[in-house]
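Order as written gives the chain letters A, B, C and D; numbering starts at 1 within each chain.
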Amino acid sequence: MIVAERKPLSEIIAKVEGYNRLLIVGCNTCVAVCQAGGEKEVAMLAAALRLRFRDRQPAMEIIERSVERQCEEEFNQVLAEDIAHAEAVLSMACGVGVQTLVEQFPDAIVLPAVNTKFMGRPEERGVWSERCIGCGNCVLDKFGGICPITRCAKSLLNGPCGGSENGRCEVDPENLECAWQLIYDRLARLGQLDRLLEIEPPKDWSTARYGGPRKIVRKDMVL
Amino acid sequence: MSQATPVAKQVLVLGASSEAARAVKELLALGYKVLWVSGDELPSNGLDSPALAKYANCRLYALEGHVGRFVSHFLHQGQRLALSTSAIIVATGNERYFPAERYGLELSSLVWTTSQVKEQLKKPLPQSVLAFRDKRILLLLDWSGETSKELVSESFSLAGELCERCRSEVYFFYRDLTVDSPGWEQRTRELRDKGVVFCRYGEPEVTVGEAAVSISYLEGTVEGDLLVLPEAVRPRGDTAELAEILQVRLGEDGYFQELNIRKYRAGLSARKGIFFAGRCHMDCDASEAESDALQVVAAVDALLGQGALEPEEVIAYVDPSKCIRCLTCVRTCPHAAVQVVEYEDMDVVAARVDELACWGCGACASNCPVQAIEMVGQEMPAWVQGV
Amino acid sequence: MREHPSVIVVGGGIAGLTAALNLAERGAHVTLVERDSVLGGNARTVCCKAIAGECQLCGGCLLGERLELIVSSPVELLLETSVARVERDNGGFLVYLEGAEKSSPLRAQAVILATGFDHVDAHTKGPYGYGILPSVTTGEEMERKIKEEGQGAYDALGLHKVAFIQCVGSRDEHVGRGYCSQVCCRYALRLARLLKARQPELEITIFKMDIQNSGRDFQKTWQAAQEEGIRIVAGLPAVIRRSSEEPRRATFVYDDILAGQIVQEDFDLVVLSVGMQPRRDAEQVAELFGINQDRYGFFAVGDDLISTIVPGVFVAGTCQAPRSMAEAAAHAQQAAEACYRYLQELAL
Amino acid sequence: MGDHQKIVVMACKHSAGEALRELQREGWALPDGVEWVELPCGGSLDELHILRAFEAGAAAVLVLACYHGACRSLDGSRWAEKRVQAIQEMLAEIGIEQDRLEFRNIAPTMPADLASWVEALHRRVLAPAGE
């Protein structure tokens, strides 16, 4: 899923200070699961902002809404009236959700309330970590199912650098495992260590972000 | 919502320990159907009844359901076996080992464990007695670390038996003499009367020679023919695996049941309907373990004896139409009462709190990212809903 | 169909409450008789010994929950009531009560005695100067003071050195108590840790015969106490006197057995770890029900530690032997089991 | 809003609740302006409810949960403490003094402490306004 994190309150406060009618819109998909922007987070943010501006006269009006998936216009349709009423919209969805609102409601001022971080998974309760950078050309089969592009800090494809120590990555030994240690262990477990003898040619990054914004068109699905 | 659910008076007892046997016997006497299952051999101690089904050498590999309707899945003689019970008593006991490293000593003809002495004493006469006849035996307790109650108790018994049956001269070395169980002080006094010599040490010096052993302590040196060391106990090797299957947490020390004064000794696990009895969760000797089994049976009967279960006054309820199946509640619930299931009548997949397994603690509700869980029966002020 | 069997539980402390609740949950008609005007017994003055946010597993809080459960249970509560006379009645008992609103005697098939214990009176240990020296107190008093005044009850008393003396009135045949009171090592160590946690500079010494450090609940406490610098000395003083330099302090000489030296030391506070003894009315109660007492005066039982020589009379908790609260509760539950089985057999 | 005339105590019923009832049996009563919200467990403490308490005009919120290791639902008291810390951080950003949100561990056997904490908080945040 897409993993996000609420922006510091002070930053949000600075963004919304100039408005008096605010709509906060959460998204009950990825950002709800990673506890950054679901219905509960919307309610918390709203309560916090009301408290922050509690002395303002007239009182700041804050409307709280959450939609099923903010990246889909159909789900956002119910927001039309509130968006028209609000001076600004604070979106707690990922960046995709924010931009969907912008495209769908071209007159609205839409502000992001979360930082969209990565595609990842929950390792345990309250801990999420990145698993995929969306390079557009999956090579997981070659590395025992562990992605060196995402999980190696240097995205190395032909073995570890010199900074791997006790299975940890030199970039952040406390928090990062060396992906190449994981790959080695996994291949050893599968009895496929010989795969490491194959030299991996330089990666074609054109399928990744470096080819510009990407788009998929399924011809069979477009009339 | 608070309707009583009928439950069968049927209990699964896990383990081959003496406390398991005691629990089985007591449950049968109370009219329960008992399924007695162990990964090892089961003792053949005349416990037979039409209400008892025994399965030895049987491995639990999965547990489904909740209190009142657990389904345990076993592998038994190559066959899969599913057993339904209303409650589960875990009485798997503990495991003994000789802590050679801690003692810095190897077992030999001069250095025995308490178990070895016990085994020898069980042999037929005169073998059993001759091994210790007129010998001076040095029993050394709590040397280099903790000593379990079970082994202290056993050492007391051995010291008495050696004195009485074998006319051995027994020296009982200790740092702190454990007498904190009813009647134990009396036991030590009786041992003194039988001739056991109690010696307190600070840091003893143990020497194992060619033909004799000696212990130097505060008041001098005692030489003997045999050094007897208690073994140590630890959680059984399969405890962690079993805990995972039962979805209960282990304490820091690897035994069942975290030390929690609200629960420990009461035999209650964090999961309703799962109970711990005896040495798999507490430090006690064999007879205390059996007593523990009895009080656990009393708790089981208080739960199931009336033939029906009722939910707590406050329980969590998931609104399936709001649930986003994020698993937060499943991961948070300390009582393993939440699962993501298919609501057949509503044709949705969502989290469901088992109303009988729920303790009503509310951890799921306060963690839910979409406010889909309500604590039914909990009164909250109006402002909680927003001003 | 037979009517519900009825049981009288005598004593409303932790053991009595536990036994009564278990039997009531199992459908027995239970009457709980308590001589005091409130339930709880000795457990009421036990304080919480948690430190730095962590529970020390003392079990002091096991009472409150039971007090709340009993009120909503079907157990009939008779406060300020004691047993005056007991007659055998058709295989059961006819129990005449004193002080109850009820004047007619109660019929019961079985009785559980859970009459509890008395703290050892520290006055009986004359040479320790309890009641004379202002700086000599008891563990019981310390618990009570902390319970009544709060966790910080000893914070502002200007203490520097505190001694705990173990086995006061326990393990001592000379005073007729040749048994271990089970709880004193545990409460002393836990109280010591509580004081130390609140006043880290406090010097605390525990004078002991043998530390009873068994039990998984206590191992942690025992290890932590040593790590925290609580000093343990093997050796007990014979006499405690007023310090000649500072009259509010106490002084004593002790033989540090392990160090092999004789030492004199002054303390601001000396806590006598008093143990348990049979209740002063244990003899009367035993007589009323026709049961025996053991050599120390606790109720005598069979090998199961529950059954008395009178069928249908069971004992629970500290009236049988010293026990911690958790252990008393466990014993009471076991007594409830024995009692329930007895009732079942009676019904057949 | 704005009439900061109350203190909200969010309390686990198993520890603080029992202590309160013991106090009440002895004749003690919560000071005026103290609203007692009883929770089934510290684990059910909802961050949102703390914020809503402030929104509803609380001058201070006191959260009481069991000592760690004594929670019958294992983690409840730890959850409560963590949540209080998280909300304290939020309060700092909102501009509310952090000491208006207090967390304490409590046992059922601590009625004396409960009374003194509540009274002290009452003196600190409510009494000056009343003068």
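One rule holds in what follows: contacts are C-beta pairs under 8 Å (C-beta built on N, C-alpha and C of every residue); 3 or more make two chains touch, one makes a residue touch a chain.
Computed from a predicted structure; not experimentally measured.
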item	value
Chain nearest the overall Cα centroid	B
Pair of chains joined by the greatest number of C-beta pairs in contact	B-C
Rounded Å distance between chain A and chain D, as computed from the means of their C-alpha atoms	36
Centroid spacing, where centroids are CA-atom means, of chain C and chain D in whole angstrom	33
Where chain B and chain C are represented by their mean Cα positions, the distance between them in whole Å	26
Multi-chain contact residues (two or more partners), chain D	1, 14, 47, 52, 55, 69-70
Junction residues of chain A - those touching two or more other chains	40, 43, 47
Residue list for chain B, restricted to those that touch at least two other chains	259-262, 386
Overall pattern in which the protein chains touch one another (line/ring/star/complete/other)	other
Complete list of chain pairs which touch one another	A-B, A-D, B-C, B-D, C-D
Footprint of chain A on chain D - complex, ascending	1-2, 47-48, 51-52, 54-55, 90, 93-96
Complex contacts: residues of chain A adjacent to chain D	8-10, 13, 40, 43-44, 47-48, 50-52, 54-55
Residues of chain D that touch chain B when the two form their complex	1, 14, 35, 37-41, 43-47, 49, 52-53, 55-56, 69-76, 79, 83
Interfacial residue positions of chain C with respect to chain B in the complex	22, 25-27, 55, 57-59, 61-62, 65, 171, 178-180, 182, 185, 208, 210-217, 219-220, 234, 257-258, 260, 304-305, 320-323, 326-327, 329-331, 333-334, 336-338, 340-341, 344
Touching residues (chain side chain C, partner chain D) in the complex	46-48, 50, 53-55, 57, 60-61, 63-65, 67-68, 147-152
